[in-house]
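Before any comments, here is the structure.
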Amino acid sequence: MLTSQNITGVVRRALAEDAPWGDVTSAAFIPAGTTAAAALIAREPGVFSGGEVFVAAFRELDPALRVELAAADGDTFAAGQALATVTGEARSILGAERVALNLVQRMSGIATLTARYVAEVAGTAARVVDTRKTTPGLRALERHAVRCGGGHNHRFSLSDAVLAKDNHLAVLTASGRSVTEVLLEVRAGLSHTTHLEVEVDHIDQIEPVLAGGVDTIMLDNFTLDELREGVALVAGRALIEASGNVSLETIGAIARTGVDVISVGALTHSVRALDLGLDIAVGA
Amino acid sequence: MLTSQNITGVVRRALAEDAPWGDVTSAAFIPAGTTAAAALIAREPGVFSGGEVFVAAFRELDPALRVELAAADGDTFAAGQALATVTGEARSILGAERVALNLVQRMSGIATLTARYVAEVAGTAARVVDTRKTTPGLRALERHAVRCGGGHNHRFSLSDAVLAKDNHLAVLTASGRSVTEVLLEVRAGLSHTTHLEVEVDHIDQIEPVLAGGVDTIMLDNFTLDELREGVALVAGRALIEASGNVSLETIGAIARTGVDVISVGALTHSVRALDLGLDIAVGA
Amino acid sequence: MLTSQNITGVVRRALAEDAPWGDVTSAAFIPAGTTAAAALIAREPGVFSGGEVFVAAFRELDPALRVELAAADGDTFAAGQALATVTGEARSILGAERVALNLVQRMSGIATLTARYVAEVAGTAARVVDTRKTTPGLRALERHAVRCGGGHNHRFSLSDAVLAKDNHLAVLTASGRSVTEVLLEVRAGLSHTTHLEVEVDHIDQIEPVLAGGVDTIMLDNFTLDELREGVALVAGRALIEASGNVSLETIGAIARTGVDVISVGALTHSVRALDLGLDIAVGA
Amino acid sequence: MLTSQNITGVVRRALAEDAPWGDVTSAAFIPAGTTAAAALIAREPGVFSGGEVFVAAFRELDPALRVELAAADGDTFAAGQALATVTGEARSILGAERVALNLVQRMSGIATLTARYVAEVAGTAARVVDTRKTTPGLRALERHAVRCGGGHNHRFSLSDAVLAKDNHLAVLTASGRSVTEVLLEVRAGLSHTTHLEVEVDHIDQIEPVLAGGVDTIMLDNFTLDELREGVALVAGRALIEASGNVSLETIGAIARTGVDVISVGALTHSVRALDLGLDIAVGA
Amino acid sequence: MLTSQNITGVVRRALAEDAPWGDVTSAAFIPAGTTAAAALIAREPGVFSGGEVFVAAFRELDPALRVELAAADGDTFAAGQALATVTGEARSILGAERVALNLVQRMSGIATLTARYVAEVAGTAARVVDTRKTTPGLRALERHAVRCGGGHNHRFSLSDAVLAKDNHLAVLTASGRSVTEVLLEVRAGLSHTTHLEVEVDHIDQIEPVLAGGVDTIMLDNFTLDELREGVALVAGRALIEASGNVSLETIGAIARTGVDVISVGALTHSVRALDLGLDIAVGA
Amino acid sequence: MLTSQNITGVVRRALAEDAPWGDVTSAAFIPAGTTAAAALIAREPGVFSGGEVFVAAFRELDPALRVELAAADGDTFAAGQALATVTGEARSILGAERVALNLVQRMSGIATLTARYVAEVAGTAARVVDTRKTTPGLRALERHAVRCGGGHNHRFSLSDAVLAKDNHLAVLTASGRSVTEVLLEVRAGLSHTTHLEVEVDHIDQIEPVLAGGVDTIMLDNFTLDELREGVALVAGRALIEASGNVSLETIGAIARTGVDVISVGALTHSVRALDLGLDIAVGA
């Protein structure tokens, strides 16, 4: 679901940032016309993401480079495995190397971490979803990486779905109206394609929120017991999202409470770049 | 050393990404004209970075918002400390909240991590520096964050300094010329303001590289013993940068070998967002 | 739900297009420093939309202009009514006049037409919604205008909701799987916030589509009798959208069949600019 | 006279607007690699405009698509006629379909309407011209469409020709100078390539304006009798433009008064999209 | 006739180019909060141009700077004269200094050179005009500078007027049609506001070109005698532009042949920056 | 060291500026499909620069044009020599001609002038360098041209090297600290790759500045005797840059004083476009 515009915008900005007026090292050491061959090698195991972005980084800088992918997005790989090859003008390969790596390491890091979370919920009906805690400017790419790791996406932005928190509800209920009444009115004003999700902090908020006709109810910072109680109470009348205090250690138990969706900010807000390296043979 | 253009470019892209056609939740729940007051609160201790960016995120969305910083970039703070306040139109505060947090959490995460590395080298002459392993599009901001944490910056990009690796040297020495000869020729062609740094992998490469007149010699993946030997051999004839296998556990010992510069990719390639939250009182 | 970025982008492009290197007429005839007062006057009755855009057109060209709105978006007005006033430098007012009018006439034209459609469905439960047949580059503004006229919005783009037509279904069912099976699988892969709408052309497609768990079923080019039959068959198991051959003459009867949503391409694909004029007194 | 930059700018913005983060429907239903064939079919007769734009919409999204035009801009076509074909990746065709149609329907709508106006003035020396009442961002395309329909263009913008109205003249004549004197002075300051057109509202303004040496005199809201009188009075000393209250019903009579140019805002300010459809066979 | 968009676009690009990631010198030496006062001083006499651009360079970088102009565009000044003052944050003044000077020196250089050409034609009816030989990206500014020096502008671009050379005519006359015939046909197809100018190289081309109804005839590389002959031949039936071999030494004699327009590429293609300096007192 | 992004950005802006809505002359006179052949011919001798930019101007407008370079950047050429050829669609060649020439004439003008300065310092160790007095928006291209002429580049921008003048030093020494002390402190805060250059106006400032550990000392407006004295005093402890009052007449003597670097603002601030012409044969 990445568009070429999503990719091109990021890659162009990154290349301009990394070489605003050329590469002084290559200009000094590498004669024009020198060719090279490079291989993208996994230094550790993981899940691949960002193949198209990797290709675009090289070909945006020099359309004459040949880039072949040896892994598809979502593939699992072992340490030592070759994931892609690049051949062509050495100056071009060296010029795009850092940008290509920075992006594919980050995306594969996200995919790999997501896959670990997804593995923890195996055997349950719960899905692992991302949040809006993404890197500014890279959201489309990072959400793609989450999908590569087997996760799902939450809403993309403030524009495409409603997620109401206590602050949102407080304003309208302050005037004496019930939560249910407010939600019914809000729903009537929303686009029919707009999903309505509401966050609750206590078990006794669930019933009035459900009566408001929400699509998803978010149980925020609930204990496992509270989650189980919530699942029983909702009884399929809405989807249930669990959020708060989700880690690799806790997510399995949360999933086994029966919730439908578990959102994990850590998928994107604290990314460790996966160790992928480019082995380059200049003159090859 | 951040420019307003550096900040504005990032913030505008982030706001457009996070609300391409408005905030459906606020539009539904928060009547226009409702005011709010918000405080940026540290949920954990750390080093602050990104104050100007935080301000810009809110004021770019709504120039009428009032944003006051209670901490300066580089300040250390405790958990629970208030770092900034925002007051004005509730819709505007909620609309910029996520973008502001995503940026300030990331920048403060980098500053805080950098400060930990810097603390490890206290009492030595070594400086901790970043690399080009930054997030595409955010390099100027992330390098600023490194400085907030007490670190220094390496070259910004491929354009502003030379960093030659084995691949670079191999091409020219392949034709039979010595490394020293090649480096002297390269230097003659560089701008007089361009720093010349060369990476070596073995101790016996040091002397010919020094004879080439470099400004900095990078000792890559040297053991501590090799580093000490290198420091003795260079004897002040060039700056020495250590790189490779640098972690919080190893950096102190590396610094005590007498090197001048230690580059740490982890400062920016694997950022954990610091836990800063925005406490919002709508209707306040 | 318009953002200032939505408005600013359109207005800047329009001003640059309309005066790429200045206004030769004003430069020749109007001495710098000459002031003027202008009023936006309705030459025919209608529903107002685009107030913020009107203000932005003038103030983007000259932040010193004072623009006061006398009508709010969504207000109904009579012929002859003053909707806004502008005062300040005459050159600036004349320079932004055409851009401001082009936008507010178009938006008010859409709002006014939408209101006529909405009036035709009064007393029914049906809502009038727009389509993706908007003017390239102006979608956010035109959808806002539809809301000003009392209409609702359909999905904004290809990214934020699913609308599957026969072509989409044909590919997967070609391999022998049933529509129901395909839809259940698709749903499992979608974000939990993504609305799933499927178009059908015949009454007997309804049951298998409903079994696939869709949120909305679109009955395309159904006769009134077929619509009534469809409404009875669906019986509240999904929302029903009617589309095709919708005009001011037909929409009332369509609404009375009991459908929930009626999409009208004509709201935006064939806009008549409303006749609003700017009465300018130079030297005032 | 359209440039590739005119077209590309519009098409890129439109594609980004219509799929900011991909096409969720195609991603769910159409496997990558599925091909399709599509034909652009006229559902009603008209005049074609926008062939290059149609091609660009598809090829900007996917340069591998093959697009063949079966009609040239300016060609008249019948209902049912095939105007273009597109073959290639089904996801790409479906992804650009709406943008391509929105543009070509609008442009052909303008061309077709223009042709009707032009037909009404057949046999006279009058030309039908557009105005600056175009859609913000699409002026170059809409003016091209007017030419496809047999119309001519007025000035493109405020920058490339003078069109002085009463407000412009009022400022300088307020100080006691005659219109003639003012116009002669203005002319002396204009670029020698800049056309000077002045609007008059009454027959007795014609002589002093002509004495000022204008290239074109615009007779605004003149009756047919007044136009005839104006034509006789001007007697070839300047071009004559008629404007105001021009419709398909009135333009023939206006043209027969002997005026040279008739400007018609309705050509672009109130466009009905022509009914052109894309018949797509996925898997073809 | 400069627009704020013309100015802002140039200034923003220039500031980003001159400080892509801040000013390392000011950051190191000038504490934040240090103020300064600066004066723009003429080191040589000339004609001022670029006041608005000078202001914009400083205020775009820092809206809090106060910039006062002591000269208006078009004013003549003596060596030593103060033309503007700037006060505020020292870092900001030093940060925009080079960009502001580069622009105002160039524009005033053009204005000053133009004024010398204009002085040479004093007492004749000829006007001095620029060409399209401007600096890419700065055309609007450079044409403004020509006007400040008392010159006039030729067409702005390929889009706003016709200038046909032998190559253009050759194609159509190759098929046996006369120049006159071709020009009459071309005129019929042009917008009524588009000026038609045709270049001729020999005296005997004049009559057929005039018969084609051109607005201006360009006599290219004519001797003074030929120009006089041409002026006599044209006899007011069209404007006459002389071009080719125009210098400060030759323009006076060319003007005295009676031509209307003399185009001078040197006004903009070979600019000497005027020596204007910024005297800065930091801490003032 | 030019990047394709450096070139493309300039060329696109220039083409849009030179033909915002097409080329009315070619549209009127040159039928689509007419081909042409063009040759870039030197009308005077010089040094070539801008080959890639010349190619890009044509191919950005029309990727189907064939452009062959007959000279490499840095080549010396004679009057009459052919430097490049272009073949393809005549409209495209005429449409990009002016932009291509404006750029290649300017760049070759800079290269040619630089070569003259470089020739004057032949036999000395001094290098000729440019300054930041470049044309806004064209810095990367103009610096490339300086290199083509045998010159070197100074720092690119305010961001990549320190150049401290009296104003910078005054602020910190005002508080009683010595220049040496201030410089040592500044150096400690700079990136290890950042070059530190300091300007001095008097011979007695040299010693304290050297003691501060600078890389380059700039001797501004020194007489030849003072320069010789400075060179002797510095004695290799830093690089020496001479600046001020450098012209073709003076640079030889300055170089013979033994300085290392001579900066020449005139290389870029006062460019004479070299006379290169495009001979076009339409229909060829």
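The letters A, B, C, D, E and F name the chains in turn, as written, and every chain counts its residues from 1.
Here is the rule we go by: a residue touches a chain if its C-beta (ideal position, glycine included) is under 8 Å from a C-beta of that chain, and two chains touch if they have at least 3 such contacts.
Quantities reported herein were computed from a predicted structural model and do not represent experimental measurements.
Counting steps between touching chains, the shortest path from chain C to chain F takes 2. Counted by C-beta pairs in contact, the busier of B-C and C-D is C-D. When the CA atoms of chain C are superposed on those of chain E, the rotation angle is 120 degrees to the nearest 5. Comparing mean CA positions across the assembly, the chain most remote from chain A is E. In summary, the pair chain B and chain E forms a contact in which the copies contribute largely different residue numbers, shared numbers making up under half of all those used.
If you average the CA atoms of chain D and of chain F, the two centres end up 44 Å from each other.
If each chain is reduced to the centroid of its CA atoms, chain D and chain E end up 31 Å from each other.
Looking at chain B, residues 1, 19-24, 95, 139, 156, 159-161, 191, 194 sit in touch with two or more other chains. Under the touch rule stated earlier, the contacting chain pairs are A-B, A-C, A-D, A-F, B-C, B-E, B-F, C-D, C-E, D-E, D-F, E-F.
The touching residues of chain B, counted against chain F in their complex, run 1, 127, 129, 152-156, 159-161, 191-195, 197, 215-216, 239, 241, 260-261.
Residue ranges of chain C in contact with chain E, taken from their complex: 12, 15-16, 19-24, 27, 61-62, 95.
Of all the residues in chain A, the ones that touch chain B in their complex are 10-11, 13-14, 17-26, 28-31, 34, 36, 90, 94-95, 98-99, 101-103, 105-106, 109, 132-139, 157-164, 167-172, 174, 182, 186, 189-191, 194, 269-273, 280, 282-283. Contacts from chain D toward chain F in the complex involve residues 1-6, 139-140, 143, 156.
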